[in-house]
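Everything below concerns the one structure shown next.
Going in written order, the chains are labelled A, B, C, D and E, and every chain counts its residues from 1.
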Amino acid sequence: MARFLKDRSGASGLAPGSLVFIGKQKMEQPVLQVIEYNTKGLSEKEIASPKEIEAEVYRPGVTWLNIYGLHDIKLIEELGEVFSIPVMLLEDVLNTDQRPKYESFDSFDAFILKMIRYDESAQKIIAEQVTLILGQHFVITIQERKGDVFAPVRDRIRNSKGRIRGKDNDYLAYALMDAMVDNYSIAVETIGKKIDDLEHRIFQSKDAGLTEEIYKLKTELNYLRKSVRPVKEVITSYLKSESPFFHEKNKVFLRDLNDLVTQSSEAIELYNNLVSDQLNIYNTNMSNSLNQVMKVLTIFASIFIPLTFLAGIYGMNFEYIPELSYRYSYPIFWVTVIATGIALLIYFKRKKWL
Amino acid sequence: MARFLKDRSGASGLAPGSLVFIGKQKMEQPVLQVIEYNTKGLSEKEIASPKEIEAEVYRPGVTWLNIYGLHDIKLIEELGEVFSIPVMLLEDVLNTDQRPKYESFDSFDAFILKMIRYDESAQKIIAEQVTLILGQHFVITIQERKGDVFAPVRDRIRNSKGRIRGKDNDYLAYALMDAMVDNYSIAVETIGKKIDDLEHRIFQSKDAGLTEEIYKLKTELNYLRKSVRPVKEVITSYLKSESPFFHEKNKVFLRDLNDLVTQSSEAIELYNNLVSDQLNIYNTNMSNSLNQVMKVLTIFASIFIPLTFLAGIYGMNFEYIPELSYRYSYPIFWVTVIATGIALLIYFKRKKWL
Amino acid sequence: MARFLKDRSGASGLAPGSLVFIGKQKMEQPVLQVIEYNTKGLSEKEIASPKEIEAEVYRPGVTWLNIYGLHDIKLIEELGEVFSIPVMLLEDVLNTDQRPKYESFDSFDAFILKMIRYDESAQKIIAEQVTLILGQHFVITIQERKGDVFAPVRDRIRNSKGRIRGKDNDYLAYALMDAMVDNYSIAVETIGKKIDDLEHRIFQSKDAGLTEEIYKLKTELNYLRKSVRPVKEVITSYLKSESPFFHEKNKVFLRDLNDLVTQSSEAIELYNNLVSDQLNIYNTNMSNSLNQVMKVLTIFASIFIPLTFLAGIYGMNFEYIPELSYRYSYPIFWVTVIATGIALLIYFKRKKWL
Amino acid sequence: MARFLKDRSGASGLAPGSLVFIGKQKMEQPVLQVIEYNTKGLSEKEIASPKEIEAEVYRPGVTWLNIYGLHDIKLIEELGEVFSIPVMLLEDVLNTDQRPKYESFDSFDAFILKMIRYDESAQKIIAEQVTLILGQHFVITIQERKGDVFAPVRDRIRNSKGRIRGKDNDYLAYALMDAMVDNYSIAVETIGKKIDDLEHRIFQSKDAGLTEEIYKLKTELNYLRKSVRPVKEVITSYLKSESPFFHEKNKVFLRDLNDLVTQSSEAIELYNNLVSDQLNIYNTNMSNSLNQVMKVLTIFASIFIPLTFLAGIYGMNFEYIPELSYRYSYPIFWVTVIATGIALLIYFKRKKWL
Amino acid sequence: MARFLKDRSGASGLAPGSLVFIGKQKMEQPVLQVIEYNTKGLSEKEIASPKEIEAEVYRPGVTWLNIYGLHDIKLIEELGEVFSIPVMLLEDVLNTDQRPKYESFDSFDAFILKMIRYDESAQKIIAEQVTLILGQHFVITIQERKGDVFAPVRDRIRNSKGRIRGKDNDYLAYALMDAMVDNYSIAVETIGKKIDDLEHRIFQSKDAGLTEEIYKLKTELNYLRKSVRPVKEVITSYLKSESPFFHEKNKVFLRDLNDLVTQSSEAIELYNNLVSDQLNIYNTNMSNSLNQVMKVLTIFASIFIPLTFLAGIYGMNFEYIPELSYRYSYPIFWVTVIATGIALLIYFKRKKWL
């Protein structure tokens, strides 16, 4: 269950604001990528410490610092110094089980968000924390490990495709969030397809493994909801904020983002309902099936048990059973047997069991 | 499940604002119909490009441009140029899985809405996206493919029936929305009739196919809710907006529209409850039926199994069974059998199993 | 299901605002009753057209025009002219499936409400639409057909009983609404009594018809909720409005009305819960009963099937079965049988099946 | 079900504001107790009509008039005259099925509240209506019948215990409400204890009576909720009101009262959940038990039915059955029987049925 | 059930504001610890009565008075005098079943909170009440008994670790609350791990004890929700308050706290859903299992019961059964038996029961 609330016991008892990395270390060496661009040009480099770009970040043009790897606390501390990030926020960055949230500070807006993907091999939704910081001229993104969710944005910057090079850093922040949120829909849809598969199996076979899959889907949907719903809150509250770092005229993009998250969020609820319905229907189908099984048993048993008794009677060894020596006993016995059988069949037919 | 959240993976990774058609191409060639009218006259024509009416749309009188077919991206781009529609909105127009919404722009109000009908052959609710743009003197409607939902409005304009010719384009926009929303009620009612049919079958026969139909109805109701609920939000928020394109005095029509959507929306919830109730009742009926079946089996088995045992005893071949040679053994056996049978019947009668 | 959303397909496609009667014609000839009164006197008459009282309605004193019968569209149009009722409202009046609502106009307030009663013969809740219009000096009520729900109010006016003659027309409007709402409680209570009846039957017998009654009650409660809940909204929103037609000092009556509807509304929810509980309990009782049945079967079968096998063995005709010729075989057989039987009985006793 | 919505049919059709007693007459003769006190002294008396204290109630010091018995309408009318209580409120006082509410008037605040207790003999929650009127210097309480819920408050006044004698009448009103609300907790807790009792029985025995008790508890909790929830609304809305009769500085007591009702209210919801859980668990336990029963039956039947068939074969009287005369047939038969039995036992063991 | 609503009957009838200890006495002798500190130094002592520090608490620097043990009413009264705590609040302090709440007074803010831990031996969530009072320069904490939840905070003060020594008493109050809320997550997670354990057992074995554990988890989650949800309300409302005792600039810590409680609260809801899902799945699994059992029984019985009847026929002792003396009767009998058996097996195969 660690996915639903991570074990903070390692951090419990520490002073709030103590920098501790809560999570699983996911890569060996942190990586710091810097992309600087404006309409005219673009430069990319990898740096070893945030201090290397201290001078540049406050110059016009967009500077995007993308960091992979969280476990190096010293690095995070340097980041805090360079960008004057309060220690409370750094703590949140390091605690990878943070609830998605938005907080505004004097010199930047900070977002704790979740990246979501469906891991086919583990058959699980994986959520990783991404911190996004939007300042005057810079955007910082901090991820748990190297991933490719921002790759399309990077390509668009490099190829000067789309509007991105002609826009400010608030548009970059939006583009990055959009890339994350796009992946929500994809993850939700993967679940959707699995639900679709189940749909047919529920009516065709009655394999017991179905319940395990249904339970799994419910758990994944719960996990998705836990990650997506607060992201919606984040975007809604950012829309209402009057942040100086996001241009009013670009708010239309945020609204679009909001629609996208809402849609994912509604789809999660919908799928949750569908899976519950499926479980109910499956249950009903099984009752139906039990009814069929029991009718077969009852018909067989109700017809043959009395007849067996009848045969048993004339198998008795009493010396004085007059019927035994009667010439037509045997044919009469058969007539009785067949008549009883037919009568019972008619009875069951009337009861609509046949 | 593609109906619940369309696969955006084709578009994922693209710059937001890139124009890509997300959906199934539903007709070969886009069609652009123009109707211009005022109280005095009316002209109709088909055009090849929005540019042909560039000059006309800002003249007094109502110009209604109705477009069928979305897959021609060049056409949509031209539309954007002529009416200065931002690319973000054009993107939404092309993504046929857009959540219904209302957005206000400088020179027009835009609505993404859903057209709903029940497809009898597929036994499914079909929702298609309609974009409606309401400007100073014009209304643009963009549909996925040719349909007849706007036909009655067109007829009313042509025949100068009703108030429509004497009113401005905001009234036309309302009339078009009203035509769409009217179809919601019809779709909901089709589901309602199917629920009504089920109602009788649940108590009469016990066919296993019922659960499949119930599941289907639940899925359709979920789909309807997903489409109708945001339309209600759209109309409510438009009512509260102070759009310059919709006359205050015509807001009474919007309120009427709101009532209509609310009613459809409430009916969907109600039907959802009813179908859930039906599933519960059906389940209970099946338990009832199982109880009946098992009582029959138990009565037959409980009476004849002991008696068969009794007959079996006297069928044994032990040399020394004194009863075998006793003269009245056989009649006494029958008396015992009949007495036991009657005793058990009384017992089951007392238990109210008979 | 037509009760939940009426078939508007007859009206679909028509211009909004076209006057069409949607509903079942419930009487042959519309009736128009006029009662005029003030503290000093009272006059009653029946008129043929609203025009006959055109002059009177704006004079001081209260004029109450009560109309039965909706299908005569000409009459409704005349009404519209005389009282300058907008065509949108007239359309609502004629559409008997209108959701209850309140709308304020320049010269009057209009209410679409529902009259509710339990029809014993059909065992159904019947809701009929009533329109109430409250102007400067007049009240108009329009009902689908002749009913007696307003009779007590009429009697009070005639007999000058209560406060009604000394009060203005807003009090009359309240008194009429109160008469309607009073009937809600009575209808809800009729359902309540049926639920009470079920309560006993659920624990006593196990008749299968119960599920059908439970389903029926659920459906009726759904229907009631659909009718009553929006009436509560109407009264709440009217309370908050600052209508010039309802004296501030009489708002205490509206609040009282609000309490009454709230109470009916809460009772509906409560009864809904109770019926759901009853269905659950009934289900549990049936599982209980199935358990009992199966225990009886299992006990009978488990005791006698092994014994029958034992008897079967010594009924075999093998030539060399040494026990057959042993002198005490038969008594030993009986001892074995009885011992086995007792052992199994003890076993089942221990399992608490007996 | 009369407990959930009382039959108002007696009053239906009457003018609103007509004084009719709706409820069961619960005592023969109304009783009017007057307690007057201030920090210095205290006087108690019983009076026959409210008129006797007409002069005193507007003098400084606290006058508490406590009335038992509601059926004497003349008394209520006199009360109305003396304290200028509007007839609408008097009507509410007499209708003992009134929803708890608070209404403010010019010269006093009026509260319709519920007194709740668990009647052990009837095993039911009993709610009785109490009206509390808080004026400038007086408090009036009107109860359906003599009870002892206010006794502790009376004792505190008499013994000058606590703060009560040094405080104004608003504190008295609070103390009386507090006495009532204290009883809510006690009633809720009585239900809580019954739920606790059930908890053990659900896992130990499987007595069918359990479902009846569960249903009863659910019904009582529904009844409690119906009575307590609106009292919470009353206190919340009184807290927000700016009544001149309740000193701002004493509002802290109201907040405390609010906490207490909230706690009762939350406990009711919680218990409701627990009882639902219990029913579900009980159901599951019964399915478990049915599974056990059926496994026993299946094991017995599946082992012995085939063996009985085998014995039956060699009990046949065909003339030519070679095995019959074979010397080792009988031992071979036994070996077969035992082997088959063991094989089936292993099979069931593998299936984890044993 | 006493955990859900404590028995107040001891206090019922007393004047509100009478100091009575409601709860179980949990330690023998109350303990009063005082820690005074500022950036420069720190002093610790144990005192016997609050009066000993009367002079010190209003001096600059932070004074933290931590009290264990509630049953000594005299002590609580002295506390009230020294810090001018109103008697209503003292009453709340003593009533250990108080709903968590925040109240602001002239000279301090008071918080009633809950400390939560999972008691492994009792397998129960234990909640104990903590009162926290935040004044100008002091913080008072009052616990039911000695615990170690505040130990880490005390250590940080002593070791001058973290920011705590350089901050005011509002930060201390936050740090103490944070220590409590941290324990919520730990308790919730303990439940989470138990749910995780159940997850595997539901699909593997079918032990009946599972339902008892599920019920237990549901009860604990209900209890947790009851304790945690109001704490969230407390923090939210304190955030919105404009208390002079909590520096605006430290509100960021409160927001962090709020996130933490929200997360615990959401996890509780999530776990509740998961446990409900588990119960449903377990139920379905049992139906599945019953289906399997019944199929085995039906197959065995349906094949062998008719065959036994056949054998029974030729075991009859009628004198004239022609087949008996027919030479190939026995082989034909076997062929019939085997053919019937195979036919039935094919039948069951087709029905997918095999």
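To be clear about the criterion, contacts are C-beta pairs under 8 Å (C-beta built on N, C-alpha and C of every residue); 3 or more make two chains touch, one makes a residue touch a chain.
Since we're looking at a predicted model, the values are computed, not measured.
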Mean-CA-position distance for chain D and chain C (Å): 25
Chain A and chain C, separation of their C-alpha mean positions in angstrom: 41
Junction residues of chain E, two or more chains touched: 283, 287, 290, 292, 294, 297, 301, 305, 308, 312, 315-317, 321
Chain contact graph, described as a line, ring, star, complete graph or other shape: ring
Sequence of chains encountered when the ring is traversed from chain A in the direction of chain B: A, B, C, D, E
Complex contacts: residues of chain D adjacent to chain E: 151-152, 156, 161-164, 174-175, 178-179, 182-183, 185-186, 188-189, 192-193, 195-196, 199, 202-203, 252-253, 255-256, 259, 262-264, 266-267, 270-271, 273-274, 277-278, 280-281, 283-285, 287-288, 290-291, 294-295, 297-298, 301-302, 305-306, 308-309, 312-313, 315-322, 351-353
Chain A partner contacts - residues on chain B that touch it in the complex: 1-2, 4-5, 7-9, 12-18, 86, 88, 92, 97-99, 101, 103, 205-206, 208, 211-212, 214-215, 218-219, 222, 226, 279, 282-283, 286-287, 289-290, 292-294, 296-297, 300-301, 304-305, 307-308, 311-312, 314-317, 321, 323-325, 327-330, 333
